[in-house]
Amino acid sequence: MSFQNPVFIPGPTNIPERLRKACDMSTIDHRSPLFGQILSPAREGVRKVLKSDNAEVFIFPSTGTGGWETALTNTLSDGQKVLAARHGMFSQRWIDMCQRLGLDVQVVETPWGEGVPVDRYEEILSADTNHEIKAVLATHNETATGVTSDIAAVRRALDAAGHPAMLLVDGVSSIASMDFRFDAWGVDVAVTGSQKGFMLPAGLAILGFSPKALEASRSAGLRRVFFDVQSMHESYAKNAYPYTPAFGLLNGLNEACRMMLDEGLENVFSRHNRIAEGVRAAANAWGLDLCARSPELYSDTVTAICTPRGFNSTDIVTHAADAYGVAFGVGLGEVAGRVFRINHLGSMTDVMALCGIATAEMCMVDLGLDISLGSGVAAAQEYYRMHRNSSGA
Amino acid sequence: MSFQNPVFIPGPTNIPERLRKACDMSTIDHRSPLFGQILSPAREGVRKVLKSDNAEVFIFPSTGTGGWETALTNTLSDGQKVLAARHGMFSQRWIDMCQRLGLDVQVVETPWGEGVPVDRYEEILSADTNHEIKAVLATHNETATGVTSDIAAVRRALDAAGHPAMLLVDGVSSIASMDFRFDAWGVDVAVTGSQKGFMLPAGLAILGFSPKALEASRSAGLRRVFFDVQSMHESYAKNAYPYTPAFGLLNGLNEACRMMLDEGLENVFSRHNRIAEGVRAAANAWGLDLCARSPELYSDTVTAICTPRGFNSTDIVTHAADAYGVAFGVGLGEVAGRVFRINHLGSMTDVMALCGIATAEMCMVDLGLDISLGSGVAAAQEYYRMHRNSSGA
Amino acid sequence: MSFQNPVFIPGPTNIPERLRKACDMSTIDHRSPLFGQILSPAREGVRKVLKSDNAEVFIFPSTGTGGWETALTNTLSDGQKVLAARHGMFSQRWIDMCQRLGLDVQVVETPWGEGVPVDRYEEILSADTNHEIKAVLATHNETATGVTSDIAAVRRALDAAGHPAMLLVDGVSSIASMDFRFDAWGVDVAVTGSQKGFMLPAGLAILGFSPKALEASRSAGLRRVFFDVQSMHESYAKNAYPYTPAFGLLNGLNEACRMMLDEGLENVFSRHNRIAEGVRAAANAWGLDLCARSPELYSDTVTAICTPRGFNSTDIVTHAADAYGVAFGVGLGEVAGRVFRINHLGSMTDVMALCGIATAEMCMVDLGLDISLGSGVAAAQEYYRMHRNSSGA
Amino acid sequence: MSFQNPVFIPGPTNIPERLRKACDMSTIDHRSPLFGQILSPAREGVRKVLKSDNAEVFIFPSTGTGGWETALTNTLSDGQKVLAARHGMFSQRWIDMCQRLGLDVQVVETPWGEGVPVDRYEEILSADTNHEIKAVLATHNETATGVTSDIAAVRRALDAAGHPAMLLVDGVSSIASMDFRFDAWGVDVAVTGSQKGFMLPAGLAILGFSPKALEASRSAGLRRVFFDVQSMHESYAKNAYPYTPAFGLLNGLNEACRMMLDEGLENVFSRHNRIAEGVRAAANAWGLDLCARSPELYSDTVTAICTPRGFNSTDIVTHAADAYGVAFGVGLGEVAGRVFRINHLGSMTDVMALCGIATAEMCMVDLGLDISLGSGVAAAQEYYRMHRNSSGA
């Protein structure tokens, strides 16, 4: 495996130089004022990326999975009911976590390749007149299928049903690469990790809590200590941490937010959209379907591409690594062997995307698929040419 | 605060160049075989550092606090009884965690500055003929007081009482800098973090589980998902992780183990002993008592030094940072204002220790204590001269 | 300009992670034995890369230009005659240096795009019966035109003429990426720099001296102090340097040699050939001529591509930087505006090359050239597919 | 040798983190505008550090030795006369270089430990009524003896004699750590390197040329190409370099200047004075003389300490490396075996200096000198305590 080629796995993503250096710190005293100069702007930067005025940002030395656990254990009590849709590996894992934590999950089975079934959510919420459902779970971007769900619509479903349940959103593979509107969408808890849109090494769970979610954390009965947001909240007030912080990653997070805010959030999002459109143009040129079933579901951070029946899509991933030193994502769960995934989340340029497309193309030809070399590249080139921005970034 | 001076806080500790570079990795595919080449030797290295043949090593993207939670939630069930001694801030915090997790803690109040009260443990265990106590907690090195407890004696107490309780040991500020004998001492769970003896940034909880503890994890009733050792165990069997690993830190851990095994574990331990003896000689020359009440309790990784009555020891720490750019540890909890701490855990040389001693000396004189400049340094120099090893390391 | 995209300038080249870290050293005492442990294997590694048993390797804190000056001033005296061909910007610059140093250069004017005119050299040398020509200069790889000359043939010309002149070879953009046979070709001085085939930052002039050249340095009359090989020679004997060495770069050089010797020199060369063939296939697909006039002259490290008359080739380079954040080489001197250059020297993979080809393609279409998007990429893909090695490196 | 201890050799000096990262760059196109954004402020920063309004700053990928050669070859012609004093190893080496370059050096033999003999210079210059002396050489800080000479007085001697010779100053171990007044002192060429006061790795020769010196470079007859300031001058005008620049080091130089200008040049100089005073207080407490013969000659960047007759001072340096992993400077040339040197040039704090003093003390006691442990440390501590600044830097 070459360390020179970019990676195209849907996280951890490619880490820019500037962030590599920001993370690689010599030891500081995390009880000194210097630590506050790292922590505060990092939390503030995340808040801006979430487009929230009121969210309290929590950052744990953990991962997105720890973020999910933080979201659940700080807002819910043993046996409480939550509503969730299963439409991909990551929504499935979150449901599994709920069950292991002793929650009562009402699962809406949804085809993989579809988004959160908003109409079904609304029906269920409307029918729940006793408000037994305490939280609604939504996976903003299903990394397994390359499907982006409409969180604003989930909020509208809650509102239409007049339902007070909290809205917990998995934004692990969307936040910081796609538009995310914590306040406008009435999100109560948003979850992500450092190694995705924030372009850092894995090691941080990053969450936003609404005032309502923070209030819930005072009485939530599920037991937690490490992931307790109240302990964090109290420590933050003193510019401190309840245990040893990963200050290098926090410093990197601070710098990552600065990079994105300097580029402009809307520019970051449109760059991801442009790159994704190129990848989709390539798939179209290859005559391959996306796993996402309709254009409004297409993810701007990861594209899951279906391979023809009888072909094992995992072979593309194995072959790309072996023959060309390039890492793609395999299909997971229900779509294992049926899709492969090209990531364009995080730090990515048009030119990097082209080398991923070119490699996928070679692999598919090597493995006998009826694909013309250069066809996908040409389609993406055309898109990038016509939509390039001037900065070359 | 100067970034050029070493830090003397009891973790995070100074990070050697070699480990800085090992941690600072470009992104790899953690599902590729390359990851196994990092994970396996890292786990194997930790096992050797623990001096165990049978322990299963678990490494979580978390901290020592997460390690404690892992130890408890994977071995115990709601309301079960555990035995613990409170004799410093970190033993107190572990007790607090037990209580928050719903365990029934039998607390043995012990003066801060004393070690684990082994005789009292034996009495209690002997009296517990129904074996209601499921786990015995012991803090190997109380970082707050600079006290090392005798874990072999705790094991003997358990054996003398014929008690089957598991032995859970907090080795956060001892493991990898002091002798730790997982197998010989019959430890069931050992806990540490990356930012202490392993000389790495914070971000990993590192644990050893005995076969008995691993067996307990199959039925332990406390809920956990992120910290579940069974999920880890299953993933490790496939050279994988149940979620995104912090592979940079794992790579650093692998390298840290290699560094220590190259130096020789006994050499690492005797280096820490030598450095500590020098610091203690300095304290003695200053006419100041240690917080640890007797020589057999003296810690080779952190020295807590008592300041005279009426003097606020925290002033030393504040002044050292402000006037000389050097970080020491403050007194915590019951000994706040009464002790200050010089760390010698992790990556440390005699020469680095001398600059810590010299700085503390200047600070105490600046703040009006009746100390002769150079006196503590001279005492430490004499010790280092007479006990130096040839490598100069 | 994006820092994430690879560069395609013909030096400095892309620096692998491993070499970045090897160069980035904390300060050591260059008079300690440690320095010898860096210097000796670095010099030995270079000797192996040069395929020489007898060359003495000299490494100066300088650049390739300093290397040229070292080659000339240590072997020649004021007013002495040298033979050289002008067939590109770098051979021209070397001739210019000779003249500025007071040498009498017999210049063979040669079309840019041609190699060293071996037959003409032989005629001149045969005619020089008094052996007034003291040195023959040859540019192994003209970076400006992408032309590789046949150094073995130059040696045969010298031998055929029975001429004792020394053979000084500019291997700046060939050594370590192309086969170079110091001993077999009877080279007397070979010159390169750190920032080309050795994949390091600029800052080192690297030379091999034959015993004959070293002997010449005892009496060579051109004045030099900094670049004096005798001073170096004497210092090396004591594992030292005549002034402060750039030990970080030397450490990097050591590591670079190890990387290449681990990969296998022949594998390194065939990788560069494969990548170059792909780039040439792309140029052919675009219907564009190479600056190099015939296949045996084609360089495996840099390809200079002619653009159609009336088109300013520099626009491609400017546009690639502005629109796509990718750096190519402009045409220099006589071929300014007429060629642009794609570098494939140093650290490069097939996949990286594809992203350079794809970018060049977009630029040419953007600028109105009649090129089909994807055509060059497809031609290169086909070549890479059919000639890939198994390592994916 | 430990990589954790600071070094106390008189260059290369300890490199701050911030500069390590600034130097460690990925490859950029040095023909792109980005390069100008590094080069221009770096040159401007050096000009400010030199306290000059008019100097043109030249930066070569070389070392201080290359800087000397640049100074001489660009201002002088074959056989021209220069005036120089020999009073240490580095003034001796510069004289030696003059002779090797064919200059006619009038050497004023001066005891090692003395400064530039200003009165003797004035006599000689006054007597040189034909103005045959074209340049006066002065070593601002003799690194071998720890002697700082009075350059302002050299200028006064030139003026008193009404002599038009150029004033060439070796500021290798003074510039950026001691006050240097290019304009006020009428310096024509000032020379230094990156690895001293600028706190960077070796690899850059850094020079200031007065308009008069630059004018001289148009007609100076000594041959040079690599070190030609006219070629540099022309390239700088296009934000370019005549050959491949070491842009990482240039970026580091830019950052180093920024660091020093942020700290305040006068603060940098007073910090070095304070640290030096502490080292001298230690030597005094040890009862050892300095090599510098009188207080006005004492260097604030390096202290050369005389050991008693019959004792080989080099043993201290060897023993410090072997037993404690600390690097000091040996005596060189005439004072070999008679002095050892503690460097305090470049990046240094009071606390770091104390660890050097403490180590030297241990070594001397180990080797049988009649020194009290702690005595030198106490003297330095007292000085640092009484003169500390508030920033702790």
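All chains are identified by letter, namely A, B, C and D, in their written order; residue positions are counted from 1 within each chain.
Note that a residue touches a chain if its C-beta (ideal position, glycine included) is under 8 Å from a C-beta of that chain, and two chains touch if they have at least 3 such contacts.
Molecules present, by chain and UniProt name: A, B, C, D = Serine-glyoxylate aminotransferase apoenzyme.
Values in this document were obtained by computation on a predicted structure and should not be read as measured data.
Novice: Could you label the chain C-chain D interface same or different, taking same to mean over half of its residue numbers are used by both chains?
Specialist: At the contact between chain C and chain D, which are copies of one sequence, the residues are largely the same (over half shared).
Novice: Could you pull out the chain whose C-alpha mean position is farthest off from that of chain B?
Specialist: For chain B, the chain whose C-alpha mean is farthest off is C.
Novice: Per the centroid of Cα atoms for each chain, what is the distance between chain B and chain D, given in Å?
Specialist: Computed from C-alpha means, the inter-chain centre distance equals 45 Å.
Novice: So what's the Cα centroid distance for chain B and chain C, whole Å?
Specialist: Computed value for the inter-centroid distance: 54 Å.
Novice: So what's the Cα centroid distance for chain C and chain D, whole Å?
Specialist: Averaging C-alpha atoms per chain gives centres 35 Å apart.
Novice: Going by the touch rule set out above, which residues of chain C reach two or more other chains?
Specialist: 1, 3, 14, 17, 24-26, 321
Novice: Which chain A residues qualify as touching chain D in the complex?
Specialist: 17, 21, 24, 26
Novice: Inside the complex, what are the residues of chain C that reach chain D?
Specialist: 1, 3, 7, 9, 11-15, 20, 23-32, 34, 61-66, 69, 97, 100-102, 193, 195, 201-203, 222-223, 225-228, 242-249, 321, 327, 330
Novice: Per the contact definition, I'd like the list of chain B residues that touch chain D in the complex.
Specialist: 1-6, 14, 16-18, 321-326, 347-352, 354-355, 358-359, 361-362, 365-366, 372-375, 377-379, 381-382, 384-385, 388, 390-393
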